[in-house]
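You will see two complexes here that share subunit A, one where it goes with subunit B and one where it goes with subunit C.
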Partner chain A sequence: MPTRRRRLFLIPVFLVLPLLAIFLVFYLPPIAYTFIQSFYKFSPMKGIIKEWHLGNYGKFLTDSYYLGILWRTIWLSAVVALVCLVLGYPVAYYILHMAGRARGLLVLLILSPLLVTVVIRSLGWIILLAPTGPLNRAVMGLHITSKPLPILFQESGVIIGLAHIYFAFMVLSLISSLQRIDPSLPLAARNLGANTVQAFLRVTLPLSLPGVLAGSVLVFVLSVGSFVIPAMLGGGKVTVLTYLIYQQYIKFVNWPFGNAMAFILLVLASGIILLAGRWLERGKYSAVFQ
Partner chain B sequence: MIHVELQSVRKTFGSVVAVNGVNLSIEKGETLALLGPSGCGKTTTLNMIAGFLDLDDGNILINGKVINNVPPNKRNVGMVFQNYALFPHLRVYDNVGFGLQMRKVPKAEITEKVKRALDMVRLPGVEERYPKQLSGGQQQRVALARALVFNPDILLLDEPLSNLDAKLREEMRLELMDLRRRLGITSIFVTHDQEEALVLSDRVAVMNAGVIEQLAIPTEIYEKPKTGFVASFIGEFNKMAGEVAEIGSGGAVKVKIAEGVVIKSNQGYGGKVGDKVQVMIRPERMRLSLQATASDNSFPVKVEKIAYLGMVIRYYITIGGVRCVVFVANRGDRLNIATGADVHVEWDNEHSLIAGL
Partner chain C sequence: MKRKIRVGFTVLTIYNVIIYLIILAPIVAVLLASISPSEAPVFPPNGFTLKWYLYAIGNSLYMGAFGISLVLGILTALSATALGTLSALALVRYRFVGRDVLQAFFLSPLILPLVLIGVALLQFYSLVGIRASIFTLLVGHIIITAPYVVRLVSVGLAGFDRNLELAARNLGASAWETFRRITLPIIMTGVVAGAAFAFIVSFGDVTLTVFITSPKVVTLPVRIFAYLEIRYDTFIFALGSMMIVFAAIAMVIIERAVGLGRVFGIEPRGR
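Right after this comes the complex of A and B.
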């Protein structure tokens, strides 16, 4: 029997092996190389010089221009996550209480933005949000404002574009979390004297926190790493970190500096996620996460 | 005094009629069991009393007041859910205290009442634990404490013991009986377990296909089932189809099962001679003996199979071509009867129940 048990124990290992192999071969070496290169020097005349220094990191972390962009990237992504959460929660809640067929259709509708490539989708938003576009014509036609709303090529435009596409990720993650809540729990709360709002705030919402966390992290990470939408809907005026990295790589060919920025972004984004997770998991409703 | 009343309560889900005109009156302090197979409408009825489902028709009254449109949080009804429905993210303290918190009871009083409720269900000192850290039986007690701590008017229990293993179930059953006696709270519980219903309730409502087939005290449900459904749902019966051969005075009836096999009863029959009827006899009311005695009913039979269950022994025999079973309590003086033995099966008149077909 021991050999048999040992073989059974190996099954999970075999199951993750293909993915592990892909990660080890195609993912880890480039990352490692990027990391190493972020410590190299660069000269516009001679290109990359294989000499170790911390200058790339120092340059980024001491320059208020770069730090400002880093800050903007982070808060922009956080706002996108928040917008998706606030708009997505009622939708997820509603979908969950719908009948089978209608539910499937609505989920499909929410996923539909993912069916269009990012460039086309962004062009669509540009047309829609342009100073002479349908939105502004409607707003001005109704005499709500006299001037076009400053949305396009502004942070708000970027937030709209990002929220539009990542909304689906938030809703799906909320649905899967809400689905796992025993339907008799809100009933029990009602039975014990809670009105619908109290039952939601005391029972349903805390129990859906894992979904809130997962959805927010997902949207945040995707937003931090997005490039095309901020570039197109920001019109070059809303510079985010990915755009800086792109510049360093393509325009200045300063790969070491670009790599350093990429790493700062990676570490910061992971750090924020870890902290947010810790904060929730150690909070009042820590039992939900066990 | 009537505490809870259901008047022609009806509930449909789409084209399915779940509850079809249920009438019930429950006295103050009484315990009523809603007993029936799954899908009979018993849980739907309970959910309507709790306020989780709207009625299609009829009225539900508590203390003489129609509560059809009173939301669940204003009904002051305690409920123990089948899966207990303890809040997994809250400690036992907050679970039990939930109803009091919602009623804005001062904190010190909550602490005191939670403690007393946990003492009452014999689970003191678990306030700081989470439901997951408790066993099934302990969770059940917490659920009970949570449902009782805010002094509800009535207590509803949905399959209270079904999630417990056999031993624990027996223990909780005794405790529920004890608790019921101590608190004297009007309670309604739903179960598909006949023993649970018979043991725990003052009256049993046997439900089938959305209607109450019989509403009576436990002994009457068992001894005098009113319909074929009640008879087949509760306990076991040997059923033999036959023809009424003779109707005498004082309820005496003779039913012919087969050539030479006539069963006597004194339970009366309202029909006429020649009617097709069913004779039903509880297996534990039949006896086996080696020699025929002066009994009302006595037939020579052959033991075909014996199932030794420990507490009882089941003997399988055939009467007039119908396979029957006889329960014999194992008193230690085991009848010296082996498979294939020729014996006599006997029972008294009053145990032959007659039902129309």
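Right after this comes the complex of A and C.
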């Protein structure tokens, strides 16, 4: 019996061992090493100096140039989350009011661009938003403006590209939350004299707030960490945190400073997740999850 | 009253049609721009030619990168699925010390910015002195895709009636036979979904890969990304179209095998 018990204990160990080995060699130590290096000094002449200091973080958090980029990263991501939410809510609502087969098809359509790499989708936006592209020709043809709209290689272009790739995540999050609402609740409101709009605003919308929050946080965090879209649709002019880190590694060689910025990025992303998690668990919406 | 609802619904339908058109627009734009004869990209196309495709197919630099992406995607899908499925089995089936910590550890790459994982691997490889090869890329891709497999297979295992396995064992099946004929078919949807996700993520990744490639081992998306920093012409749209067509073929294969809806977890299991 003891041998059998020991064998039983060994089974899960053997099962997780291959993946655990890869994670313990190629994931945990590199991240830890990066963290340690973020406290090292750097000089353009001597390279990386193994002396501990907080200067890399201090440099980022006191220089208005870097703070400006941090702020731009935050507000761009917030705008993307808001755009996805406002445009996505009616889509989620519509999908849920479709019959089974059409519903599956609509969700598939929303998801299908995810199969195409983000580089190609950005390429598509470049040609659509270009000064001589179809959008600007249409706008100028209708005499709305005389000059092409400055969208491409501007913040607005980056927002469009990011909203496009993360739209599906918002819609799925809203659907899963709307799905959990008992359909008899808005009906009851209607029976008690509310009109459609009132029933929606006073019953359906408040009940879907957890999905609204979850989707917004997801899109925000994904946007904060996105690299390809700001690089391609920003054309090197819209610098966000990820692009700054990339430059630090490719053009300059101040790795310790790049490491510090990568961890500031991590704190920004995970901080929002933790905050939202707290609020969802403790707040008045906790009942929804029980 | 009824009429007002009807009008509201029509407006909603029109709105949705517009949104869906916008969602598909960039992909259609890439496909259409690729058949333009002019070297400068235009949309809509100003003619019809397939010369950019012939040019792309004849270019060993880009076809080589395409081959690397394809091999890397398949290797990533196979290894991440195998390793992730085994881990999910352990995490869902067994109670052991540190199980929750281990689960959080395996899922953590989903929360970490890819840029951070990229720079960490870059520094680690250069510290240890490992040169870039398809295997160094593979390790990075396994780390970012295995969490999807762990999660998707775990979901599939959670609703699994263990009595089915016990019954098989009682009826004389060996442990391996039970796994192959009972367990595997039931968790298959999650496994295939995990493999599909792993392939899609690996095949399209730039953010992680750009840090750990070398001039000799470059994937196609990274090559396109680098090309666009210097040049912008119709040729690159032909390459992009080939990737779109490839994604469409992958989609059809997945649909035939398990049904896309189930892969994305939107359709009920017993469709």
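Heads up, the rule we're going with is that the second predicted complex is superposed on the first by the 243 of 290 C-alpha atoms of A that agree within 3 Å, B and C clash if a C-alpha of one lies under 4 Å from a C-alpha of the other, contacts with A are read in each partner's own complex, and residues count from 1 in each chain.
The rule we apply is simple: a residue touches a chain if its C-beta (ideal position, glycine included) is under 8 Å from a C-beta of that chain, and two chains touch if they have at least 3 such contacts.
Please read these numbers as outputs of a predicted model, since none were measured by experiment.
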item: Clash or fit (per the criteria above) of subunit B with subunit C on subunit A; value: fit
item: A:203 touches, of subunit B and subunit C: first, second, both or neither?; value: first
item: Touching partner for A:61 - first (subunit B), second (subunit C), both, neither; value: neither
item: Contacts of A:117 with subunit B and subunit C, given as first, second, both or neither; value: second
item: Which partner, subunit B or subunit C, touches more subunit A residues; value: C
item: Which superposed partner A:187 touches (first subunit B, second subunit C, both, neither); value: first
item: Subunit B versus subunit C as contact partner of A:253, first or second or both or neither; value: neither
item: Subunit B versus subunit C as contact partner of A:102, first or second or both or neither; value: neither
item: Nearest Cα pair across subunit B and subunit C, whole Å; value: 7
item: Subunit A residues contacted in one complex by subunit B, in the other by subunit C; value: none
item: For the subunit B and subunit A complex, residues of the former touching the latter; value: 50-52, 71-73, 75-79, 81-83, 85-91, 98-99, 102-103, 130, 132, 146, 150
item: Sites on subunit A touched by subunit C in the complex; value: 9, 11-13, 15-16, 18-20, 22-23, 26-27, 29-31, 33-34, 37, 87, 90-91, 93-94, 104, 106-128, 132-134, 164, 167, 172, 196, 221, 224-228, 231-232, 236, 242, 245-246, 249, 255, 258-259, 262-263, 265-266, 269-270, 273
item: Subunit A - residues contacting subunit B, complex; value: 182, 184-185, 187-195, 198, 202-203, 206-207, 285, 287-288, 290
item: Residue ranges of subunit C in contact with subunit A within the complex; value: 4-5, 8, 12-13, 15-16, 19-20, 22-30, 33, 41-44, 82-84, 86-87, 89-91, 93-94, 96, 102, 105-106, 109, 111-117, 119-124, 127, 139-140, 142-143, 146, 150, 200, 203-207, 210-211, 221, 224-225, 228-229, 232, 236-237, 240, 243-244, 247-248, 250-251, 260-261, 264, 266-267
